[in-house]
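Chain lettering (A, B and C) follows the sequence in which the chains are written, and residue indices restart at 1 in each chain.
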Amino acid sequence: MKVWKTILAAAVLTFAVGSSAWAARTDLVIGIPLEPPHLDPTAGAAAAIREVTYANVFEGLTRIGPSSEVLPDLAESWTVSDDGKVYTFKLHTGVKFHDGSDFTADDVKFSLDRARAENSVNAQKQLFAAIDKVEVVDPATLKVTLTHPQGSFLYNMGWGDAVIVSPKSADTNKEKPIGTGPFKFDSWAKGTSIKLVKSDHYWGAPVFLDKVEFRIVPDAAAYAPALLSGDIQAFPFFDPDSVAQVKDDPRFKVVVGATEGETILAMNNKQPPFDKLQVRQAISYALDRKAIIDGASAGLGLPIGSHMSPTNKYYVDLTGRYPHDVAKAKELLKEAGLENGFKATLKLPPPSYARLGGEIIASELREVGIDLEIIPVEWAQWLDQVFTKKDYDLTIVSHTEPNDIDIYSRKGYYFNYDNPAFDKVIADVELTADEAKRKELYAQAQKILADDAVVGFLYELPKVGVWDAKLQGLWENAPIPANDLTKVKWTD
Amino acid sequence: MTAYLLKRLVIAAITLVVASMVVFAVLEVLPGDPARLMLGMNASADQVALLRNQMGLDAPLILRYLHWVGGLVTLDFGRSYTYSVPVIDLVRERLVVSLPLALMALTLSTAIAIPVGLFAASRQGRAGDAIAMGTAQLGVAVPNFWFALMLIYLFAVWLRLVPAGGFPGWSAGAWPALKALLLPAVALALPQAAILARVTRSALIEVMNEDYIRTARAKGLPYRAVLWRHALRNAMIPVLTILGLQFAFLLAGTIIIENVFYLPGLGRLVFQAITQRDLIVVESVVMLLVAAVIIVNLLVDMSYALADPRLRGRQ
Amino acid sequence: MTVSHETPGSRSLASRAFANRSFVAGFIVAVLVAAMALLSYLWTPYDVTRLVISDKTLPPSSAHWFGTDHFGRDILSMIMVGARNSIAVALVAVGIGMGFGVPLGTLAAARGGLVDDALMRLNDLFFAFPALLSAIMITAIFGPGAVNAIIAIGIFNIPVFARVARAGALSIWPREFVLAARAAGKGPARITVEHILPNIATLLLVQGTIQFALGILAEAGLSYLGLGAQPPMPSWGRMLFDAQTRMATAPWMAIFPGMAIVITVLGLNLLGDGIADILDPKSRRRA
């Protein structure tokens, strides 16, 4: 036994010494939960593509910063015409793609025209819908003309879907992404990891890391062991439930920020009995947001009362609109003629917020007499049955696109919600450039949704990041899916 | 023997064809549209239709089947919908993890099980037998993913002797790669070894009671010598059956263990492909696995014939 | 043929059963698990469908013997209710496997030739599909749930039993007493029932034991992947899934359901071994 202990102690010591030998590190292994299907952000909706490539490999005209602000990127500056329809971008010069070719206004024109073309498979084609024409003035100047003024145009151009690609590599970016960013693609071992290395001829501020590996860790249970063993030094999107395992460990930093993910209990507004306002309101009263956040998100996450992130500048607090009140919920059900309750289905996509939240919500609704059958579905089925065919009663999903309250005005969207007054407000926002006016319109929109109890508003999905305490510069919030490494460095 | 072999080969070919139809048909009814999954929630119906067309998903059923089978025959497995690389490359990348893992686990379990089975059989009814079989009983009863979690906490988190999971790739050197496969192999092997040890023991005891063994013993050969020289060989039939079963299990049935250790193996590739509706990958990999099992069965059948001369006469 | 120092009938079956330690231990465990499952229909310490988030992950105490889970549910109560699910799924799955597999296997061995070939090829086809993978596909098509888990596990028990039955039967057919029966003019069906089945019963029972154990484990595996019984119905495998991210902070969530699986499977295996010993006098010879 004694011998064993000595051996074990020696082994542990060896590892401890081994890990302290890293001074002034320039390498980083980041854990990501899902493997991207491919690495071309202009040809797929998967957030995982952006979590690897955004700001690292690919850059756009503008970019979105850690607090959701619009920053210049490949466009050094821009001017907007008085009617708000013509944007003239002044581009950076001396920029090269990773394959060594020069970046010019032609590449921007190519990228924007490609994204909005007839046969484009860009997943966010609506971002480009307002563009009327794109013209190259000279190699460093580009003019974009819109069909109508659009308040969010510069923000839209900062999305991962709007990055600038070279015509030479556009068709092969899925496998071998070629961008203008500070890191270039090195290798991809499918199912294991994606490696990036520092680009030799980056135009912007130099980055601190030489080598970055995105390690794919699909199993949340493996996060904490991987951190503890030192295999992986950062999980920008950690599992809230595993936080307890690392939060008291001084070697790690736990950073809780916000995403743009409004987590909602979506209701099919045309499917009886959810077509009745009282029923939807009853459900809203029956929900105990605190219990849901505690149970499904380890107590992390801000409650919401409408479809807007509390970190968004247009946010108004409507969480008091439907306090948890079982008696009130029962009363409303009685008014709707459903005092004996009813049965319905609850379709749950794979993320844990949905699966865990679903169990809690089913239990809460049972208290007011609503008996839910839980049906777990995969994303493919969810998109097919719930999103496309609208064959559902209730579902839980987090809408992670930033500033996306307009989805409630879209025709044929899966909520089956139809309110011309709301549509009018959204149409007005789109055409308004005045900030004060926009703020007021957004407040109005949020209020309408809350009053109509279109869906059950639950909470804002938290972004729980856990990384080595010596690591600096990773994003605290996630206004868009990204792991921006341009400012990340090791300190000692 | 040649005629027998030939017949088995023809049958194996027919089985493969039927299996390909089953696989194709099953995946046709799988709900969910791969094109919609790739484009997400903001894409319009027209865009989805466009992508379906680009992916060749709107061709008639029969044409797609023939195209797929035709490809299989020429070892062209098509391109993955999601990864957009040839399926064969994906399979190759995964096989260098799954195959060594399966072989390691199988070797480990056989190396443990056969001696334990022999030991227990030779001490049937005595304390050694009871202890060996008691341990085996426990081994059979422990879920391997649970065992895997315990191993991770003990060896990776507490002692930090091996990585918690992941696979560095063979390019990182043989030792780091083998080290990454060690815990998963142990987690897979132990429950398998427990089963195999039980089967070995009961098969040996069964055989030891056969008349010819009794005759051999009556001739004065010592018990252990008979056990080694005669019984073990004949007890190999059920042992080989179980080994064949286990190999098939190990190739694709390691999905859970691959998830616990996040190993990029074949099992996880298919699991992922099913949820991502990457049908071409599912179809091709399942067919490959089916083919592997059919070949293993063929080999097991042939070794039956070698192990038991009496069966040779029957064909 | 037998040189046993006592003839099989010399002591009553019951007294032999209770002299067998494996049997007694396994019997006690099996009865306890079954009793626990039955009791859960009438009474559990707490309601397993009611979530009390404020009581989440409480360590074991006098109020909650096995602690509470991440939703504040009592783990002992969940294990009791979960036992029903595990037993039902595994038992029905073995039933499906034996009910189809044994007739197929013995038929193949008895008839030989084309019938054997055809049946074994069909068997191979079944068997050639990786079980867990196929189970995942079955649940992907029909949706996850206890019934689909039973079907998925049951189907893949069929080729196992068919193979074992055939291999066993083939080793019995050339034996002298079977040859004698054939010489006496008995048909293959009668020989199968009278001579083959009794002689392969031990083998089948051992296999049945293994498959039962594997059934419980497979159910746990499927539930662990989220493809088995759905909430609010508790299942041991799901409990382990829920526990795994909380191993360091709430280990009782993993320990107790894991132990429930191990003890139940262990008990059933001991019971099976015991039964095999008792019913097969041959194996007692050296005992």
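Heads up, the rule we're going with is that a residue touches a chain if its C-beta (ideal position, glycine included) is under 8 Å from a C-beta of that chain, and two chains touch if they have at least 3 such contacts.
On a predicted model such as this, the values are computed, not experimentally measured, just so you know.
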Winner on C-beta contact pairs when A-C is weighed against B-C: B-C
Geometric centre: closest chain by C-alpha means: B
Rounded Å distance between subunit A and subunit B, as computed from the means of their C-alpha atoms: 38
Interchain centroid distance [CA atoms averaged], subunit A/subunit C, Å: 45
Centroid distance [mean C-alpha coordinates] between subunit C and subunit B, Å: 21
Per-residue multi-chain contacts in subunit A, two or more chains: 221, 224, 378
Where subunit B touches two or more other chains, by residue: 31, 149, 153, 259, 275
Residues within subunit C bordering two or more other chains: 140, 244, 247-248
Subunit B - residues contacting subunit C, complex: 11, 14-15, 18-19, 22, 26-27, 29-31, 124-125, 133, 137-138, 140-146, 149, 153, 195, 198-199, 202, 205-206, 209, 211, 237-238, 241, 245, 248-249, 251-253, 255-256, 259, 267, 270-271, 274-275, 282, 286, 289-290, 293-294, 297, 308, 310-311, 314
Subunit C residues touching subunit A - in the complex, by the definition given at the top: 49-51, 53-54, 56, 70-71, 140, 143-144, 226, 230-232, 244-249
Contacting residues of subunit A [partner subunit C, same complex]: 220-221, 223-224, 239, 241-242, 244-245, 291, 294-295, 355-356, 358-360, 362-364, 366, 374-378
Contact footprint of subunit B on subunit A as seen in their complex: 8, 11-12, 15, 35, 37-38, 44-46, 119-121, 123-126, 174-175, 189-193, 215-219, 221-222, 224-226, 228-231, 350, 378-381, 383-385, 387-388, 401
Subunit C to subunit B touching residues, read off their complex: 112, 117, 121, 124-125, 127-133, 136-137, 140-141, 160, 163-164, 167, 170-171, 174, 176, 202-203, 206, 210, 213, 217, 220-221, 224-225, 237, 240, 244, 247-248, 254, 258, 261-266, 269-270, 273, 282-283, 285-287
